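Structures follow.
Shared between the two complexes below is chain A, which pairs with chain B and chain C, respectively.
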Partner chain A sequence: MTLPPIIAALRKHKAGAVLIALQIALTLAIVCNAIFIIYSRVDAVRRPTGMDESNLFMVEQQWVGAPSGDDAASLQKQDAMLREDLAALRAMPGVVSVTPSNSMPLLNSSWNGSAALKPGVDLRGGNARTTYYFGDDQFLSTLGLHLIAGRNFTAADVVNKGFRDNSQPDIIIVTKALADKLFPQGNAVGKVIYLNGDTKPSTIVGEVERLQAPSVDSWAAGFVWNATIAPIRLNGNFARYVIRTKPGQLDTVMRGVRDVLYKVDPMRVLDDDSVKSFADIRANAYRADVGMAMLMAVVCLILLAITAAGIVGLTSFWVGQRHRQIGVRRALGARKIDILHYFQLENLLIAGAGALVGIVLAIGLNKVLMLNFEMSRMPLVYVLGGLAIVMALGQLAVFVPARRASNVPPVVATRSV
Partner chain B sequence: MLGYYVDLAVRSLKRSPGLTVLMILAIGFGVGASMTSYSVFRAVSGDPIPWKSSHLYVPQIDVWGPKGHQDGSNNNDPPDAMDYTDAVALMRDHRAKLQSAMYRVSPSIVPPDASKHPINVGGHAVYSEFFPMVDAPFKYGSGWSAAEDSQRAAVVVLNGDINQKLFGGQNSVGKTVNIDGKDYRVVGVLDNWNPKPVFFDVVNTGGFTTGHEDVFIPFQRAIDVGMPNDGNTNCSEIPKGSGFVGLQQSSCVWIAYMAELDDKAAVTAYHDYLDAYFRDQKQAGRFSWPLNNRLRDLPAWLDSEHVVPSDTKVSLLVALGLLVVCLVNTAGLLLAKFLRRSSEIGVRRALGAPRLAIYTQFLVEAAIVGLTGGALGLLLTWGGVHGVSWVLPKEISTLARLDVGLLALTLLVAVVATMLAGLYPTFRASRVQPALQLKSN
Partner chain C sequence: MLKMTHLSKVYRTEVVETYALRDFNIDVKEGEFVAVTGPSGSGKTTFLTIAGLLETFTGGEYHLDGIEVSQLDDNARSKIRNEKIGFIFQAFNLIPDLNVFDNVEVPLRYRGMKSAERKERIMNALERVGLASRAKHYPAELSGGQQQRVAIARALAGSPRLLLADEPTGNLDTQMARGVLELLEEIHREGATIVMVTHDPELAARAQRNVHVIDGQVVDLAEDPRFHTAYTAAAGQVRS
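== the complex of A and B ==
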């Protein structure tokens, strides 16, 4: 089979061929961008936080009528209330460990600042941006973080301060990502850094493998793995507790936790949103991403189905139109397989032309999305993948009508109507 | 004649049911997907206060200077919120018709019924002019007075939901509510006012939030009792003082500000005032960098804050792409369908039908496909709008809703789009040479 007769025949139904090619071009452009969006969202959702996420939940609560001042007496009162809660929670059956914490990964509430190797730089300058976690000696064990160098906090390290107190901690644990950024030669443990442009040094005593920043939004993407953990109980009229339970006891402990806290002090706000499993926090944080990925997947499926159906429809029409010609070719000695190949090759030609335009459109669409919507550059592999998909789709769709064409008996050549 | 064409079209469509179903499905899915994404887009990009948005302005003052925009992502824009010093100074100068500084609070309320646990509410600390400025609808009572602003009066405006929860929806004006352990007198109850986006304080709410506006209390009162801000605090340097008072003395920004300026002259005057204010402060030694103020009206402000999620825009773009593919597909199928009937066209033309008649006949057929596809599109849009609540974040999906306008638009888009797709096939059909067709038969 040679191409010239196919091209000559295509000239006879330019419009249909152009429409199919256009459809394939648009399909390719949209599908590879959509798949790229799906992949980047799934990738974001699947990245591990660095925690052991099972059997973990969080309580957010607010005391009513607690001293709200920043003076020493108020702080000590607030701290006493916090410690009373911690003791009650730690005494609950089924609880493995508890830490107070200002936030946790994937929770939309964060404290961020900068870390510098020199004292007194600008707050927004520094050598790296970092997010802050404040917890006690059970912070690492409760979140299930992996300490890869140095030591954990001890109970003696833990101090308390008001949540608007801007003084910097004496000692900190940092993530490997932050340590590597600040000290590319390694051995961050024992070194001193300056937080938030302060002149007071903070000593790194340990390094954890990985801990994600709370925010999953794009503004935090630049320092999402840079975290600094300080051994501090933050005092205010509110507190968050992260609680790890024994396997299988998460639900029981979550159900019982409000009664336990109300028993310590009934004057507090503990509503339906106050107790959240980490699974819920995760689902909530990534809801938009998962939703977007699902929308794109639905659009891709509809698009491919419609394009395939369109190819089947138009090719069927052509087969009907050329019924006699096919009969003549068969009568002149063409085999069934030749007829089949004719239509397959014809589709390959049309789809190929469409796909070439589609590649340009796909890259153009990606450019538009990059310019306007904080999208990153689409790797070429997505274009190639999209190309493979639409070409395969074309061949699949054309097979049914092409088979029907190949079954046209040679005898139709002899019939005049 | 039109009735005859409808009859012809129905017969023709019945003759090749497979092709017809295919076209209807293509139109239906194309329209359904685009109208679903459009409903979400419409919900989040709508003007929350259309009758007034061009009169509401958000001033920005560059209190940080160059070191504040080191990340370079914001086009040298000054901070999008205000520090306490400037917010209070602008309120004191009172140069706009109406204006209010505001910050988000999240106090606790102890219900009058002692057996109930305290609850947490959301709301804003605002000035008295806030209510007339944003046209907040009152069900009972009204806002507080300017005098109560300066007296730091313990008064509160409740929203409908919280009034329902605390007072069973009764007129609670004059009653007392315990907020953060202190008694506040109710002066007004709003009629369930929850504008989306929360246009008056985008900075602390992000625009779309599941949080409620339950209470509004006087700004200076909230400052006096040390009610902390529950929103974003951004600093270019660490506050020297500690606590909430330290925050108020710092250059950290955490206060939203809005002013009503009713005509061009007022806008110009206010802009000049802002610039003069900056120069004054520069003279006083607070700033060492050049003037870099902004005064945006509400639509421009919402745009600069990227209130419409980019996902929504991308979805709309992709869905429109899908619609175009569906139309190209329909055009192809209609072409096949129409040209298959070349001999029929030839006979009609030979019997004296003008081209216009052929046009009408085939456009009627396209319109019927479009109408049927549109009906399917309606169903799919209905399903889609209800289905987005499964996949999109709650604060956005709950805003998307169906109304008569959207339904009418769905049908209109379907019919017009299909007829557009049918134009070329119809043109081709009308060009069929009668002689050629009659001969070949």
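== the complex of A and C ==
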């Protein structure tokens, strides 16, 4: 059976055919955009932070009744308490290394600023935006960062300062992304930059391959790989420690860490949320993205199910309506497969027409989302993927009623209505 | 052309067996115009559906154009229906969504015939039934007689070896019925083999030979004492 008689017959059933075609068009438009959103979210969730994420956890704690840190003496007392904690943690069995840190990737608690090639240039005038990490000489090894140029910090490089001290570090290590942004010609090591509009230069002594910013929000998307690491122990009544354990020791060390810290100083707040594995930090950071992806997937599935039900319903109705006609076709020589193909081809025509409209709608919807929701341009492969899905769905949905039609016996042609 | 020997058709349910045809024998020669008559429920339509390979039979033998059809699968039966048999139904059975041209084209498409040959055959068939000018009309735009002529054109277009007609004038008024019957006679004169099922004695009388079916069997009315009186009376009515 070829197309002209099917098209001729469809002209007599315009309303149903147009409605299903429109449903397919809408489904295609929504499904391919939804799949693109899902993939974008999943892609963001799955991107590596630059750290060796296994065997890593973080402790957040607050001292009770700690020195104020407003003067040099109390600041040094705070630093002594910090170093005492670090020493105790490093002495724990199963611990490989420990660093103090103001934050870590995906923690959603970040310090951000600007990096400029000239002194005194403020945030807007800087050459690049950057996130700041403050840690000691074990920062790189604890996080498992790959040093690709220059050198790591030594213990002698590490200084301490208070939270409210705005002075800039003498030396820094930057990520390759930030180095490339500031020095496109390469060789960033040894160069100086100016942080946060300061006039004091900071010399780049090393370059790490990759380190993600703490924030996963869209506002930080522009500098998510631009990180500056300073050899600083930040002093205050609050501290974060990032701890790397030996393989297989993570749970044991995490369970024992509170006792160790309480033994050093019981006057501190260490609640259930204070100790987090990096896996938990990652899951928490991307909970909304994963939720959105799942919601989109569910919406897609519901939409596809409704469309499939529509196709099954309409085809079943047409099979019932054309019962005698099918019998006549069989009497005139149609084989069962001819009847099956008739309905499949008819569906292909309707779905194809709907898909053409759907492609236009899909691209249009993507443009609207780009304008209003900071979405990127949807690659053509998603439209083609959506097209394949709705066409395959149409064929699957039509199969059962079409097979029922093919089983109508030819003797029906002789029966009175 | 069409030979059934000791053929039977049984409809079975869990509790009862009903014989629609029992020890049914018929032999239609090539070029014959045979009318199959009988009262309602006698089995004549069952005979037609089996003759047209629209239904299978339970026992006996059926040779159509030299082929024993009982062992054929569904595809082979479809092919024979398409190539060797032309159907003319009481209810015309045109496809309402297709125009006259497309309706006549349906069996030719299933035969896989090329477009040019299809077009030539369709126009020849429509000219033969006098409806070439109505090729683009839809069935609903035609009278009953015209619709039956389109159905005849559809049956003729494939040059079948056998035409099976099921009460071909049953849904037509007298004038239209006469036109259709004259057309069938003309087709027969040109050499077609026609088997027509009817309960109309006047229509049956126009056929070359009558076969009477009663209770699922072919009977000779003149010889069977059960029907002798009724047959004589009916024959007299037809003659007068």
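Here, the second predicted complex is superposed on the first by the 416 of 417 C-alpha atoms of A that agree within 3 Å, B and C clash if a C-alpha of one lies under 4 Å from a C-alpha of the other, contacts with A are read in each partner's own complex, and residues count from 1 in each chain.
In this text, contacts are C-beta pairs under 8 Å (C-beta built on N, C-alpha and C of every residue); 3 or more make two chains touch, one makes a residue touch a chain.
All values reported here derive from a predicted model rather than from experimental measurement.
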Checklist entry - Counting only touches as set out at the top, which of chain B and chain C does A:L393 meet: first, second, both, neither? => result neither
Checklist entry - Of the partners chain B and chain C, which touch A:M104 in the superposed model: first, second, both, neither? => result neither
Item to check | Which of chain B and chain C A:D338 touches, first, second, both or neither | outcome: second
Item to check | Which superposed partner A:L178 touches (first chain B, second chain C, both, neither) | outcome: neither
Checklist entry - If you stack the two complexes on chain A, which partner ends up touching A:L145: first (chain B), second (chain C), both, or neither? => result neither
Checklist entry - Quick one: chain B or chain C, who's touching more of chain A? => result B
Item to check | First (chain B), second (chain C), both or neither touched by A:V408 | outcome: neither
Item to check | Interface residues of chain A shared between complexes with chain B and chain C | outcome: 417
Item to check | Touching residues (chain side chain B, partner chain A) in the complex | outcome: 18-19, 22, 25-26, 29-30, 33, 37, 67-68, 70-71, 73, 108, 110, 117-120, 180-181, 226, 228, 235-239, 242-247, 309-311, 313-315, 317-319, 321-322, 324-326, 328-329, 331-333, 335-337, 339-340, 388, 391-394, 424, 428, 441
Item to check | Sites on chain A touched by chain B in the complex | outcome: 15-16, 19-20, 22-23, 26-27, 29-30, 33-34, 37, 62, 64-65, 68-70, 122-125, 162, 164-167, 196-198, 219, 236, 262, 266-271, 287-288, 290-292, 294-296, 298-299, 302-303, 306-307, 309-310, 313-314, 317-318, 320-321, 369, 372-375, 417
Next on the checklist: Taking the touch rule as given, give the residues of chain C at its contact with chain A in the complex, in rising order.
Outcome noted: 45, 48-49, 52-55, 74-75, 78-79, 81-83, 87, 89-91, 93, 95-99, 102, 105-107, 109-111, 154, 166
Next on the checklist: Applying the document's contact rule, which stretches of chain A touch chain C when the two form their complex?
Outcome noted: 1-2, 4-5, 8-9, 11-13, 324-325, 328-336, 338, 409-411, 413-414, 416-417
